[in-house]
Amino acid sequence: MSSMLEVRDVAKYFGGVKALDGVSLTVPEKGLIGLIGPNGSGKTTLFNVITGFYVPDRGSVLFRESNDLVRIDGLNPNEVFKRGIVRTFQIPRLFNSLTVLENLLVTPLGQRGENPVRALLRNSWSAQERELAKKAIELLKAFNMLRYANSKISELSAAHIKMLETIRGLMTPAKLYLLDEPAAGVDYLMAKELFTYVRRLRDEHNLTFFIIEHRLEILMEYVDYVYVLHNGKLLSEGKPQEVISDPKVIEAYIGV
Amino acid sequence: MIPGVQQALMNTFQYMLFYLIFSIPLTLSYRTTKVINFAHANFITYGAYVAIFLHGLLGLDIMSVAVVLAFIVTGAIAVLNNTLVFTPLQKRGSSPAIIMISSMGLWITYKYLLYMITDVARYYTAKNFVSYGRITYSDVPRGSIVGISFSQALVASLVAASLLVALLYLFLEKTKIGRAMRAVADNPSLAEISGISRPFVVNLTWFICGGIVGVGGVIWTSFSGAITPEVGDSAILQVFTVGFIGGLVSLLRTGIGAVLISTIENVGIAILNTYFGIPVSFRPFLTFVTLITTLIVFPPLGAGGGLPYRFLRRGSRK
Amino acid sequence: MIGFDIVGFMISWLTLFGIYAILALTLNLESGTAGITNFGKVVFYGVGAYVSATLTAYLILILNGVDVSETPPYGIRGIILLGELGNKNPLLNIGLLVLSLVIAFAVSGVLGYLLTYPILRVGPAFVGFTLLSSGELLRIFLQHYEPVGASKGLMAIPTPFGWIADSRLREVTYLGLVLGLLAVTYVVTHRLVNSPLGRTLRALRDDEIAALCLGKHVPRIKATILFIGSGVAGMAGVLLTYYLTSVNPNMFVPAVTFNVWAMIILGGFGNLKGSLLGASVITFVDRVLTFVTPQLGIAAISPDYLRWVIVGLLIVVVLLVNPRGLLPEKPIRTPAVDVILEEFRGESK
Amino acid sequence: MVFNVKSIALLVIALIIGLAIGYGIASIVGGGMVTTVTVTPEKKTYYIGFTLPLSGELSSIGKVWEKVVQLAIEDLNREVQAYGFNVEFRAVILDDGTTEEKALQNVQSLVQQGIKVIIGPAASAQVKVVKSYVDSNKIVLISPSSTAPTLAIPGDYVFRTVGSDAGQAKALATLAYQEGARKVIVFFRNDEYGNAFADFLVSYFREMGGVAIKLSYQTGLPDYASEVATLASKVQSEGADAVILISFDTDGANILSHAAESEILSSVRWFVSEGPHGAGELLSPAIGQFASKVRLFGTRPLFIANPLYEGFRDRMKQKFGMEPGVFSENLYDAIKLAGWAILRAGTYDGEAIRAALIEVAKTYYGPSGWTFFDNAGDKALQDYGVWAIVPRAPEGYQFKDVGLYERGSIVFLEEAYS
């Protein structure tokens, strides 16, 4: 299987702290890859490098564009998104004053009505707007959230909020999802439900997933492959069962 | 050699001390409470007017009394602002921008409230409090050592600024509550877990910060030639600039900002005037140019809720 | 009381209301909808005012064959000449109005666009403060810049309708112009808010980082909005110049900005009708106070101080008690709303 | 929640409607009163409008002016009754906060109440803003303190009962030159008043054969210590023998108190414009001592040794316990002129009052001296006095008028500093 994302020898320093120190990893197409590691091991920093918040001090990040791998490190986060990388956050970042439907409608690229001159001419964008609204409704239907379409974010449950943050990326032709602790703050059963959805998304929409998770045990059932990060370095990698029995991993988790 | 350079250097030093006394509490309060407080200007003005009313209404010219009273008054105002306005807003999850706007409302209210008080005082005493001359205090020494004259303001602000820096260091580093204040600043949720009452720490921070600035206001009355209810407002732009150079986070950088701005305002303008013929009236202009330059060249990334990174030029690579 | 000229009262109130309402609408677009804490509204207002004053005064003199290097419009000879030559040619006057509006929009707009550069990366506090400082910077610059009269300012600026002999008719015509521009501003801001752009702006206000991660070019959007808002504020400045027929650096102090802020907070953050309401309440109360206060006799406390204390408290109390103001922000009206309603109707059948 | 949106909205709307109705009733009733007045041979009431700086930058003098208005209106009513007119004048005083926009708003409100004669506003920038409105509505406007030369426009409805700064600049230049100053630093406010004054002063001083160097300072600062330091270095590097300060009250006091601490500045002569005269801060021991050390003199518009002025000052002191500040006598005369002009016009109409005002002013003589206007509507003959800060028994300091400007030279009436 060809790779979707390749991280090659990436390093990122903050002052004297080596947040990432030569990390290389590969996320294959249609993969469901886990990234685990104790607090402060550099997981979120790696996501920040991939999504363009940080420019790496060394190394490169490559992303599949049709048949080539193209460097994306150094791009701004908005440009990274335009190439098909969607990111979610540990604490979901939704637009609280907008409704669920509007949260979805913010996402699509190339909206004519976002141009200030065209925004004045309703006719120039209303057809596109209707199409997008229909698409959003289909999505909400598919994930059983249609009845919340006109609700404000504050009226949703924690799980629905996480779900909404994930599915809004589907309004665009997304290829790769970076999920930062999707199961944080959600109970065990709900977490399982979330990962079931993730699997469904991968299969139905041909997506690739790269997931940060703190709790290994939830992840193990779902992912194909796991990378373990410790002190900014790759500690171990492999199939979930191999990794979980790796003594180095156990030591890193329990010993710290 | 620029003529009169000694006077300019003395002024630089004097202003640096004032900027330290006014700006360090601004940075400290932002760090701990995450509130951008425009009502900071009122602390200066109210501190000065505590001294003025003591002098004008009661004929009291003892700075130590004015200092203690001003500390209590301005500290209490700061705590009141926090209890009645900032905390309720934060509890409701208002954005930093909304809280800042509320502080702007407080600023306007306090400013004109003071004007009203001066009006009433004038009505009953027939004295003009809207423009008040320098106060000479009976308990502050003055004199000259090795040819350098120490005015009362210099003595007082030197003592106050040294005490401020020393005590702040001891307080933040050595006491339990001081460490709690730093913990709240660095990581609010962690501090909560470790058993520190956040509301108490925040209120204490406000009281100390408001109080220190009020003391600075009292000292200002022994320095300035004429004090008006606008004094805090006209100084606030400089004070905020100094704070912004420190990104409202670093106390050390705030100190550097105080040195930088006071030097530019006193020595810088003298040089520009002597060698380039730039009018002295451009002095405030220089401060703003410094501010904008700082924001462009060394932006305090992510400060005050902004984007935590520098937006790169389109498609540029490292 | 001798009498009361209700028509004159309405004209003078509505004219000032119109100018302030334009400022309030654009500030609400920038700050209420897009979340840019613009504490420097007065900069763009002032630039617009100065652009029109300078253009009008100089062009009137130059087109009448006066050598402005000899008799500049800020000198006493120039002022007297402006009074004599100002209203000779109605077409010229109206042409200058149009020219002033266009150039003031462009200059203020570009200035707003450029000012976003230093503030792109910093939060609301720095944005607000930087723009506030820029206002003071502009004021000091104007005080030193001789061609626009330096500290003297410019005066006796010919008005676009100065050739109408009857003063009442002239005032009404001008009021028509102000209200017309207000209507255009309202339509434009209303359309911008109720469009995909408006939705993106609110998203930006709620969470800049999330918007960035969804592909929104945050700096460019902010700069565009400041371009529009500042440009229109510049046009409000043009209206002010022709209304006062005189400009002076000290007119453009931060208090003007705070006044407009009070209007949008009272009216409702993000609600355009609220801005109109806020502007009308504050300008109306100000005006009525000038009729009421003399009846109270000489008081110990100046009513102007009381007025500002109330404005300040109003900002705080509205934010505390009802942060959404008198009129809360409305959901965005785009065709998407119709689609979802159709969907719901279809389901219930 | 008790305060919901609707209740706030209702409250505000109710307030507005209430005000409007209340105002409407008041105006109808008020209007009715005037008509009854004209029918019955009762007293006829004339209103004079005022827009004064009771707050804002000029509030220190505005507060004094408020009392001057009270005094002048009382005097005027007593006088006109003594002459047998069965009329009464009333003042409608508004506060303009020393801002342009409020000044225009005040003038509009006064005009909308039917008032045709308005006194104020104080600052030239404010007068410029209201000028086109009063001209087009034919309202007589008299400013007691605007001195900007750019407002000396013939044929308009703006009058000024104070002479232009050009006159005082000449007096101040003469004072400095006569006292022996040959090279002066002119230290002035960077606003219209300061700039215009400094320009006149420099040109007059050069005509006399002296050297004058301009140095401006920005207004509205919290303090002027660093400006004073630059001034000191300028004095030293240029080797000047005097400083001429052109300022208002607060900034003037601030600058003088810093100058008192500077050795360089204590060794040159100081001459001051009218702005700081009357400011209480100048009477502190530090500035008092400084004044006698540098033999500080100031000029101000004043007709010295005028018994009417002495009487006016005594009555102000006796009645309100305050010294009349700058331009108080010009304001007093403006009010008197306005009253007599209305009576002379015989009808309450702007055009008639304007014509009458010019005539009345030709023969009127008040605390500010002869008041007649030049063709631009400004006080034609302005006299200038010289003031100093002298010790007062038993302690403290006071302002004292010690000389006058007469036919191109300064005549001292007494020794100010021994």
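The chains carry the letters A, B, C and D, assigned in the order they are written, with residues numbered from 1 in each.
Basically, a residue touches a chain if its C-beta (ideal position, glycine included) is under 8 Å from a C-beta of that chain, and two chains touch if they have at least 3 such contacts.
Bear in mind the structure is a predicted one, so any value in this text is a computation, not a measurement.
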Report summary line: Output for shared partners of chain C and chain D reads B
Report summary line: A student comparing B-C to B-D should find more C-beta pairs in contact for B-C
Query raised in the report: Among the chains, which has its CA centre at the largest distance from chain C's?
Result: A
Query raised in the report: How far is the middle of chain B from the middle of chain C, if each middle is the mean of its Cα atoms, in Å?
Result: 32
Query raised in the report: At what distance in angstrom does the C-alpha mean of chain D lie from that of chain B?
Result: 36
**Report entry** Length of the line joining the C-alpha centres of chain A and chain C, rounded to whole Å
**Finding:** 43
Query raised in the report: Per the centroid of Cα atoms for each chain, what is the distance between chain A and chain D, given in Å?
Result: 71
**Report entry** chain C: positions in contact with at least two other chains
**Finding:** 140, 143-144, 209, 212, 218, 302, 305
Report summary line: Listed in rising order, chain D residues that touch 2 or more other chains are 55, 59, 190, 218
Query raised in the report: Multi-chain contacts in chain A: which residues touch at least two other chains?
Result: 76, 79
Report summary line: In their shared complex, chain B is touched by residues of chain D numbered 55, 59-60, 63, 190, 215-218, 220-227, 229-230, 232-234, 236-237, 249-251, 253-258, 261-262, 264, 279-282, 284-287, 321-322
**Report entry** Interfacial residue positions of chain B with respect to chain C in the complex
**Finding:** 36, 84-85, 88-89, 92, 94-98, 100-102, 104-113, 115-116, 119-120, 123, 237, 240-241, 244, 248, 279, 281-282, 284-285, 288-289, 291-292, 295-296, 299-311
Query - List of chain A residues in touch with chain C within their complex - result: 51, 76-79, 81-82, 86-87, 89, 93-99, 101-103, 105-107, 109, 111-116, 119-120, 122, 125-126, 129-130, 132-134, 136-137, 146, 149-150, 168, 172
Query raised in the report: Along chain C, where are the residues that touch chain B in the complex?
Result: 31, 35, 37, 39, 117-130, 132-134, 136-137, 140-141, 143-144, 208-209, 212, 218-219, 258, 261, 265, 300-302, 305-306, 308-309, 311-316, 319-320, 323
Requested in this report: State the interface residues of chain C toward chain D in the complex, per the touch definition above.
Outcome: 1-5, 8-9, 12, 16, 74-76, 79-80, 83, 140, 143-144, 150-153, 155-156, 159, 167, 170, 244-246, 248, 250-251, 255, 281, 284-288, 290-295, 298, 302-305, 321-322, 324-328
